[in-house]
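One structure follows; several queries about it will come next.
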Amino acid sequence: MPTFEYAPAPESRAVVDLQSSYGLFINGEFVDGSGTGFKSISPATEEVLAEVSEATDADVDAAVRAARTAYTRVWSRMSGTDRGKYLYRIARILQERAREFAVLESLDNGKPIKESRDIDIPLAAAHFFYNAGWADKLEYASLGTNPRPHGVVGQIIPWNFPMLMLAWKIAPALATGNTVVLKPAETTPLTALLFAEVCQQADLPPGVVNIVTGAGPTGQAIVDHAGIDKLAFTGSTGVGKMIARAISGTRKKATLELGGKAANIVFDDAPIDQAVEGIVNGIFFNQGHVCCAGSRLLVQESIASEVESRLKRRLGTLRVGDPLDKNTDVGAINSRAQLDRIVALTDAGEGEGATRWDNGCELPSKGFWFRPTVFTGVTQTHRIAQEEIFGPVLSVLTFRTPQEAVAKANNTPYGLSAGIWTEKGSRILWMADQLKAGVVWANTFNQFDPTSPFGGYKESGYGREGGRHGLEPYVKTGA
Amino acid sequence: MSRVDVKKTYKLYIGGKFPRSESGRSYEVYAAPSGRSRSTAPRFLANAAQGSRKDARDAVTAARAAQPGWAGATAYNRGQVLYRVAEVMESRRPQLVQEVRDAEGLSPAAAEAVVSQAIDRWVWYAGWSDKYVQILGGLNPVAGPYFNISASEPTGVVAVLAPQESSLLGLVSVIAPVIVSGNAVVVVTSAERPLPAITLAECLATSDVPGGVVNVISGRAAEIAPWLASHRDVNAIDLTGAAGAEGVDWATLEEASADNLKRVLRPGGSGAEAVEPDWTATPDLSRLTAFLETKTVWHPKGR
Amino acid sequence: MSTSTDLPVAAATDATARARDLLGVTRLTNQALTRWLHGLPGVDQVGCEARAAGLGTRSIKTTSKQWAIDLAISMIDLTTLEGADTKGRVRGLAAKALLPDPSDLSTPRPAAVCVYGDMVETAKAALGDSGVKVAAVATAFPSGRASMAVKLADTKDAVKAGADEIDMVIDRGAFLSGDYLTVFNQIAAVKQVCGDARLKVIMETGELVTYDNVRRASWLSMLAGGDFIKTSTGKIQPAATLPVTLIMLEAVRDWRDLTNRQVGVKPAGGIKTSKDAIKFLVTVSEIAGEDWLDNHWFRFGASSLLNDLLLQRQRMSTGAYSGGSYIADDSPSTAY
């Protein structure tokens, strides 16, 4: 009997109308940036998708000024109800053009189409819907007395969930009455630029949302600009610290959503098949390019070998390849630089004595790829147990008692997320209390919702995004 | 012939004990000039312990050790303990009034008012202990079969630069909101007006506040604060007391705090200027929420 | 704990001995069974359903789809289980099994025809040595509410009439009241009178309600000697859902790891379209593995499914969408 080979099932690219080059979106229009352009490539094929402008200090200044004018003249004077209606419009257009966004996201980022189609884009639209409703209800949000916007908000987002992070940032900022200058990551700028078109279609007043593309220097220009009242950043802890230093001594506020090294803790009474799924989803979702990824599996010693063998069997069924194929589970690594980092850290893992295993799948000849990889025999002192790899690499550690699990889980400067797998309710609640993490998933993992606050303890940053809590950083209160 | 009274030695308060500074140093504390005394020479009050870098280090260690237990106490219990502080302060009212008068150069009536407000502020924050979590958190209606709840937790160990001017009311106003949620605190007192802080520490020591939850270091913020700002086992820092503190640049402290991404409560004022707030104003929750983390827990709902 | 006493003394000594060995007990008591079954890992409903839904989004195209459609046809237990069944209707069903699509003789045949016990003889006569099996429901199907003597007689009768396979129902009442030993003993006893016929154990998962129960019933059925575990009678909703089948596939996979013995899986009831059938095959492939992608180890209990698969088959061979007029059917069934 022949094996069940799924034939290729590629999503059509025709839905996306890619331009050869894109400008900056400032004051409601696309304008040429004054810096040298850069190319955005598809990490799955290394094909050039489009040329993108690089915003210089002067461009950022123009964007901030447009945002300030829009804030002063239009947005801060508009009723919350009307602000909300603009957000509803944006949400609807995102739904209407969802497939286009999903395909473009997968092309530019390398993530599987089933994730961009079923998670990133629907959730992005949901964030606009959720925040739209807050716009005229802020006084009910328990934010303090007289909630009002800061003014102009600078937002810098990462490459792992380009559209979703854009929505996390822009939706609450606009709902609370701020205007925005947003910089997408240099490897994934295209959906943000498509979003600029959405703003145009929604007739959003010019200058309320400005999109400037570029790399570190463009971000620095936003951080340093005197006209920025508040910053929101999602990215590495290293850059987060730089931002915190840069704004010290000023009155700029900041929300920082940074790295993580989450422990996914599996007890011997866990619902084992779902736990295995949760482990897989925890670290191989989005190629492990997830700040809250469950990159450290802490498994109770008594079931370690069983979990390991079930996990490996499961990883054998993961389909790695073309991000646009509807059956792809794991897509491409976002960039050469990220792939190099993953390779370096995994080599270190091997060098330090952990046992390496991968699922042996075939990888495409072009593009940036890394096999789903599991390290066993890892200890807390290994670099792969301490440093954020941000790739499809799981480190397996063991524990004997709940106390030991908690101690190991918390034994990191990070504190973004954690997972608990056990059928014992009281243990879940005890563990959840003990874990120093902003999000705790019990008997599930990597769930996200616009109503649910997200953000970290310790060096995973500060401030929350999502839910009522996500409004808080965007308003000032009191007399 | 009047009795020769027994003078108090003002020491540090670390880990529930009253040690002298490990440095062996002390400094002279004088009464603030007031009405009649303005033209006369400053009146000597006491030799206060001059806290050092190592005292701060020890205080952080004590705070770290005490924090989990304090956070693990029930909110009801923490509320009672804070209320107990108010009771003990009330019973030591004459002493506090005298010390505030001396420290701040106030009239008796004004000093009485300050002490009353300081006591009332404990009562106000004590009442929040089992309520703010309800106000700030709750069930999130996620679009899926999940129980999802957000609740506030203390951030951990908080360093506080106490106000330089308001030696008791300001001090209480910065300590109470930090500890009510289960944080432990290391406070650097007003440099010139440390004595009410030490007396407050004595109240805390006799009010069921577990040792190490509040640690009080008298001395100069310029000397101690940089060590707290850069200390990697401190989770947050309140720079309120940078206003008017000699030799303290809050921007530098904030910059040092970035190393482990401390939560920073900036001093009052606008721009680079630091201004001490008006402590008589009714507080809001902002000082409490500044030192909270939001934890969100998900669980599936199934049969 | 109550144990039933109305079983033949000779019942199922093999199964009991094997169970004692597996459980590590000297006497197979209900307590021992309870501990064993309740020691199985729990099933989280939400996670399980999310996994099934994920498998359901697999997109199967072109050659793989053709292959899957033919495989699905070959896995069907073409079923009629109506009070109004007649010999004529059963003969019609058998004819359909022998020649599913007269317009395309390359169409594979279903695995079996599934009927009530009194129709076994008719079905057997119609199918002859075609290789299409005759399966009979037995043991007071669908409720199972009869004495053990009746259930055994029902089974023996069907076997004697030539049934190749017996589809029995478990005593859900006993199961839900925690009397696992009774369920075990009944399955073992039925298995013993099956002789060479393969025994499919219908758990009626819609009445077991929870996935934990489905997992326990699956293991109990395998422990007692079932050759197949089957979801449903088709008379109770919900019947064969994807998550339930997923749990059963996990069970047979883990059972083989433990005992080196392979057990088949049969979802029955409610699977009507080719799209559904392919989702089940994807699940078989990814959960249990390739070894189960064979009609000896996986069946669909269905009637209308065959015609939808034939429509799809015609669509793929002609390139045009087909319609009911091109599907020859002697007795278009409305049974589940």
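So that you can tell them apart, the chains are marked A, B and C in the order they are listed, and the count of residues begins at 1 in each.
Everything below uses one rule, namely that a residue touches a chain if its C-beta (ideal position, glycine included) is under 8 Å from a C-beta of that chain, and two chains touch if they have at least 3 such contacts.
From a predicted model like this one, the values you see are computed outputs, not experimental measurements.
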Chain-chain pair with the highest tally of contacting C-beta pairs: A-B
Central subunit by CA centre of mass proxy: A
Distance from chain B to chain A - Cα centre to Cα centre, in angstrom: 37
Distance from the mean Cα position of chain C to that of chain A, given in whole angstrom: 45
Chain centre separation in whole Å, for chain C relative to chain B (CA means): 70
Sites on chain C at which at least two other chains make contact: 44, 46-47
Chain B residues counted as touching two or more neighbouring chains: 144, 146, 300
Multi-chain contact residues (two or more partners), chain A: 443-444
List of chain A residues in touch with chain C within their complex: 1-9, 114, 118, 269-274, 277-278, 317, 326-327, 423, 443-444
Residues of chain C defined as touching chain B within the complex: 44-47, 209-211
Complex contact set, residues of chain B against chain C: 144-146, 300-303
Touching residues on chain C, where the partner in the complex is chain A: 41-44, 46-48, 50-51, 57-65, 67-68, 250, 281-282, 285-286, 290, 293-294
Interfacial residue positions of chain A with respect to chain B in the complex: 126, 142, 144-145, 237, 240-241, 244-245, 248-251, 256, 258, 413, 428, 432, 437-444, 447, 449, 451-455, 457-459, 461-462, 464, 467, 469, 477-478
